[in-house]
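Read through the structure below, which is laid out as structure tokens, and then see the notes.
Chain nomenclature is as follows: A, B, C, D, E and F, assigned in order of appearance, with residue numbering initiated at 1 for each chain independently.
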């Protein structure tokens, strides 16, 4: 069982994906049942695993391809952090997507790739070696493209093209980095400490840079973020998935893995590559916020906000102090919960009220109260208002920065918080306090609103109950105390 | 005895061959060249075969020698006629 | 004796150079083809001489050469008729 | 010595054939050049096999096979050239047309 | 004396080859090629390769010449404008020099002659070349007959759709009492006898299925060119059966060996039982000859055509 | 085993003969041959632990010819069997018309020639096999009878004949120097000064036949001008045969002749082919030309085996995979390329032409074919999880391990180029228009899908083929060509 559980968890999304491809277009019920069942089953397995891993069990599945090339699925605490997030949000996004696409075409294709995308994310979370990580990372790229172009209009096709033209060279660079490193050391497993002494420092720095370059594309580090805003052309559930769970998180998660499980913080400090990365992350945080401020469309503004917010994770990882790491890791979850809420809501505004531009949001609050409350919670979390989840992140990051001897980061955090406020508060003001077009037809949509409400509540809960052992913060602390800073 | 016979006849054959070649080179037009050629050709090969018969190592070889000659005669004769016909119409 | 035959064969072969010259200079296609005929019969002669000088087993080659030399001429003649499928006698007369 | 002459003759034939094959554009002439190269190779091989005094039958068998193969290839090539001529009124490849 | 002969012969061969390569018209080049083939078969005699000389005389000079001449008859006279000469000349000269050097640098003969001669009687053929072709390297020979078949299928595939199902080549028109027809009546019987003789003799003397088959193919072509008999249609089952009979029998015998080998130690794929090897080889050769003759004739005749 | 090897070699030939006799039954005969061969291969691979040698007719080399199956041979036999089975199922020819009467026997002859080459250990026999392959391939390339296809077939033939002659010349020289034609006999020979020339001539001939840049000019027109099932065979299998002989030659027969300069040249030409083929594929407007130029590029990868597995890198423990990686690439490319050409054939039939533009909306009209094409594309790009990725991984790893990371450039850039040129047809298929394609039955789309899945499965389950390839792996593939 311990050897099969990770594979089983992967299969809970991979199998529905494959079956869904072959379903007839109009077999809605079967398709929905299949996907929801997969999501629920997966969540159940993960909950079981969470308890066991907290108790110290390690789950491993190994599949041999060729010498040096094997797939290792391994559930450690960090895996589970990402895994739980993705499984939880997958379930909600599936519910949301089923409601969103009531009368759409090509749904078998959509849900097939959707599940495949989640399978890839699961794989990324569970990967125990660099090559396993890479394989799922590529699978993610490939399964996301059909989702991005799902509408098949010129805009989404252009977005898909831009996505691939960033992602594929990024993966090529990542592959070079992996192979360069492993050609000197042999296959690297995340779990073991590995001496990288076979390589010179200059080579190691170059490899590190290649890793950041390759992973930074998906993590949307400036200046590699160009694909992300365009990908907004995708349907709302896809944007939600892209921004909160799958793609950008995969990049950020990869960077965390590289720093902590491949190089190790000792070596990162010795090579002196942490600081430049922290600075790059800071630049991204500020730049993303500034660009978000300039946007007039809701989804575009959210997209640039993602660029900015994801880099908190990288910043935390790069600072490499206990508090900073906890802050970064917990933000992996927090940002996911908050951002998916925002995108769910933006999707509802667009679908049910036809609103895409910020200036049209006036007065929507009272007319779509549930949605707007959820949206507001998400936005406040992003700004970092206590007691929302975002506040916890920023608190830990700030303490961590000082602890790591980089007080300038506090300034970055403060600046970013101001900018966050600057681009979110006017929205909230418009939603709740400005009068709007009363004639807009507003259709009720429980299938859409419920997931948004749940994620908003979760974001709130993650902040309120941050002290609990199984809260995101508790889990991140567990990771750091157990694995990185024992 | 046979050897002398062979030498004389084969020498004569060579002469005809050479004559045929000279004719082929020197005669002015296609038809006279053809004429010289067939004569020399058939006679040359005929004499040669006759001369070599004395050297044959058995009846089978003798038969094959004769067969060769017959074939050459038929072929050369018919071919020359056909070629001549063609040459009539050949304006190239 | 075989020395004499070799000598004859050599001279005969050498004389065929004249035929080569005719193939080169033409001018008509019939001229070239006739010269090739001469090389054919000359070749048969050379084979026979070689056979006499060495091994009579070679004589089969002479038979085959004689047989096929005629075929080449027929093929040539046919090739001169329209589409290569007529009869030169008809086509030349008419 | 005699064998060497024939062997070198074979080498020369290969050279001449290769020259013609690369130089000529008319497709039938290339078929012809192909045959010259082929027979040059065979002569070369045959002469090499005859150097020990007694002829080696293995090259002879190989050469007979080779001649048949060359004839098959030539026949297909000629048929292709004729079909191409029929379809496009050209005796060369498009890129070689003047 | 023999050296003088060889030198003259080589000069003639090379001369004919050069002329074939550079002749001003394609027709002249084709005639030079026929002449060249005759000279080359003389060279084979000088190398004591009688089987090869027969094959070269029949195929190289004979059938290939007929093939080229027939093709020329179907072509418009076109000017030959070769490409630039320098690079081809350098390539040709370089290759010739390298090969010439290699010939001189070769070690003392390293052939398999003695091995073959020792093993040949056991293989059922006194002619060592036949032993190599039909026993030691029978797989080559089998593939070679298949190559012929492949070429013919390729040629037939080039017919136009409207002409598919007609006999190979163009229908021939011949004046019944003309020279051509007469020619076609006299030569075939002789040719057939020669062809069959070559096959029959092949097991012990120079000759064999390929040489004999080629002669018979030439005979068949002559019959067709002389308009004496109409070739069967390309779709005809009988024609097709004859085409494949040789390879089929060959393969069949081979498989019998393979099946026998399951319980009989000496048997193997492509192995003939030693006791019957000689008669089996002759039988296979006769079937092969038939197929080779028909295939070669059809190859030279070309794809089926209508008069359009 | 003594029955299986002859079966593999001769059953396609028997099938071809049967198809000559009964043209109407061509498809049935072809499928029968496929079943027999797949079964024979299954038995063979199942029982293969060490290389199996069968001297034909009981005559041992050097007198006779021996067939031999090792892991490499089994892998290529398997590739041929799978691709040919797919092609024969997909081929639409019916009746006794010209095309049907030619296609079935020629396709089976092509298969027979491939198997004969993969099994043979004798240089001259390989020559005969190559010629059989060439004639069948040229005839198939000309099958449509259009002026363009005929010109392409002639060009193909001109190159192929030149290649055959060069190869034959090298074989002749080898026999003259050593009195042996058997590959196994050559490593133990007395080195001669002519060996390098002989090897060079054989290599040059095989390069022309494999269409390595700059001998590629014939490939794209011939492969794109043939009917789709024929293109699939021509592109997926035929160049592999001559490459296979190159592998045998350099890694088994003459490993002592390798020189750094030669190895480097092969690698450089391979890299040039990858880049050139990729750029040319990017510039084509017709799908079949894109796929054909992609073959030019993909062939380039194969030649990285020389510097990677042949050079100093072979001494590195991680580089032993280069040889295997290249073979993997050949297999994966074969499957993927066959799938692509079969897809192209479906679309050509459905749209009337093969312009990329005509594919617009195909994702809706022929979803399975588009999916198959995309899967095949993934393998060609070398993205995981696919056979193409496993191959790329092994190659790139050994490039780094050998301290020559520049050889990794070709595979990596080639992958990106492949993504760029294959993106266009896929994006066109997703275009938001009502498709103008005539509907294509699902059954027909299933064949390319199965082949493309094969390319993916080769990556997902690469352990069994990897282990298979280690059976009888030439020593030089681990130790290096000197």
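Keep in mind that, in the parts below, contacts are C-beta pairs under 8 Å (C-beta built on N, C-alpha and C of every residue); 3 or more make two chains touch, one makes a residue touch a chain.
In this text, all values refer to a predicted model and were calculated from it rather than measured experimentally.
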Request  = Chains touching chain C and chain E alike, please list them.
outcome  = B
Ask   = Along the shortest chain of touching chains, how many steps lie between chain B and chain D?
value = 2
Task = Would you mind naming the chains that touch chain E and likewise touch chain F?
result = D
Query = Which pair, B-C or D-E, has more C-beta contacts?
reply = D-E
Inquiry  = If I average the Cα coordinates per chain and compare with the overall Cα mean, which chain comes out closest?
reply    = F
Note = In terms of mean CA position, the chain most removed from chain A is B
Query = With chain centres defined as C-alpha means, what is the inter-centre distance between chain D and chain F in Å?
reply = 27
Note = For the pair chain A and chain F, the C-alpha centroid-to-centroid distance in angstrom is 42
Distance from the mean Cα position of chain C to that of chain A, given in whole angstrom = 87
Inquiry  = Two-or-more-chain contact residues of chain B, please, as numbers and ranges.
reply    = 67, 71, 74-75, 78, 82, 85, 92
Remark   = Multi-chain contacts in chain E, i.e. residues touching at least two other chains, fall at 2, 46, 48, 63, 72, 74, 99, 102-103, 106, 109, 111-112, 116, 137, 140, 144, 147, 150-151, 154, 158, 160, 179-180, 183, 187, 190, 194
Key: Junction residues of chain F - those touching two or more other chains   = 124, 128, 131, 135, 138-139, 142, 145, 150, 169, 175-176, 179
Remark   = Contacting chain pairs, sorted by label, are A-F, B-C, B-E, C-E, D-E, D-F, E-F
Ask   = Okay, in this complex, where on chain E does chain D touch?
value = 2-3, 6-7, 10, 13-14, 17-18, 20-22, 26, 29-30, 33, 36-37, 40, 43-44, 46-49, 51-52, 55-56, 59-60, 63-64, 67-68, 71-72, 74-76, 78, 80-85, 87-89, 91-97, 99-100, 102-104, 106, 108-109, 111-113, 116-117, 120, 128-129, 131-133, 137, 140-141, 144, 147-148, 150-152, 154-155, 158, 160, 208, 210, 292, 296, 299-300, 302-303
Contact footprint of chain B on chain C as seen in their complex = 1, 4-5, 8, 11-12, 15-16, 18-19, 21-22, 28-31, 33-35, 37-38, 41-42, 44-45, 48-49, 51-52, 56, 59-60, 62-63, 66-67, 69-70, 73-74, 76-77, 80, 88-89, 91-92
Key: List of chain A residues in touch with chain F within their complex   = 21, 64-69, 106, 109, 131, 134-135, 138-139, 141-142, 146, 149, 151-154, 157, 160-161, 164, 168-169, 171-172, 175-176, 179-180, 182-184, 186
Ask   = Okay, in this complex, where on chain F does chain D touch?
value = 124, 127-128, 131, 134-135, 138-139, 142, 145-147, 150-151, 153-155, 157-158, 161-162, 164-165, 168-169, 172, 175-176, 179
Key: Complex contacts: residues of chain F adjacent to chain A   = 318, 320-321, 324, 363-364, 367, 371, 378, 381, 383-385, 389-390, 392-394, 396-398, 400-401, 405, 408, 412, 415-416, 419, 423, 427, 430-432, 459, 462-463, 466
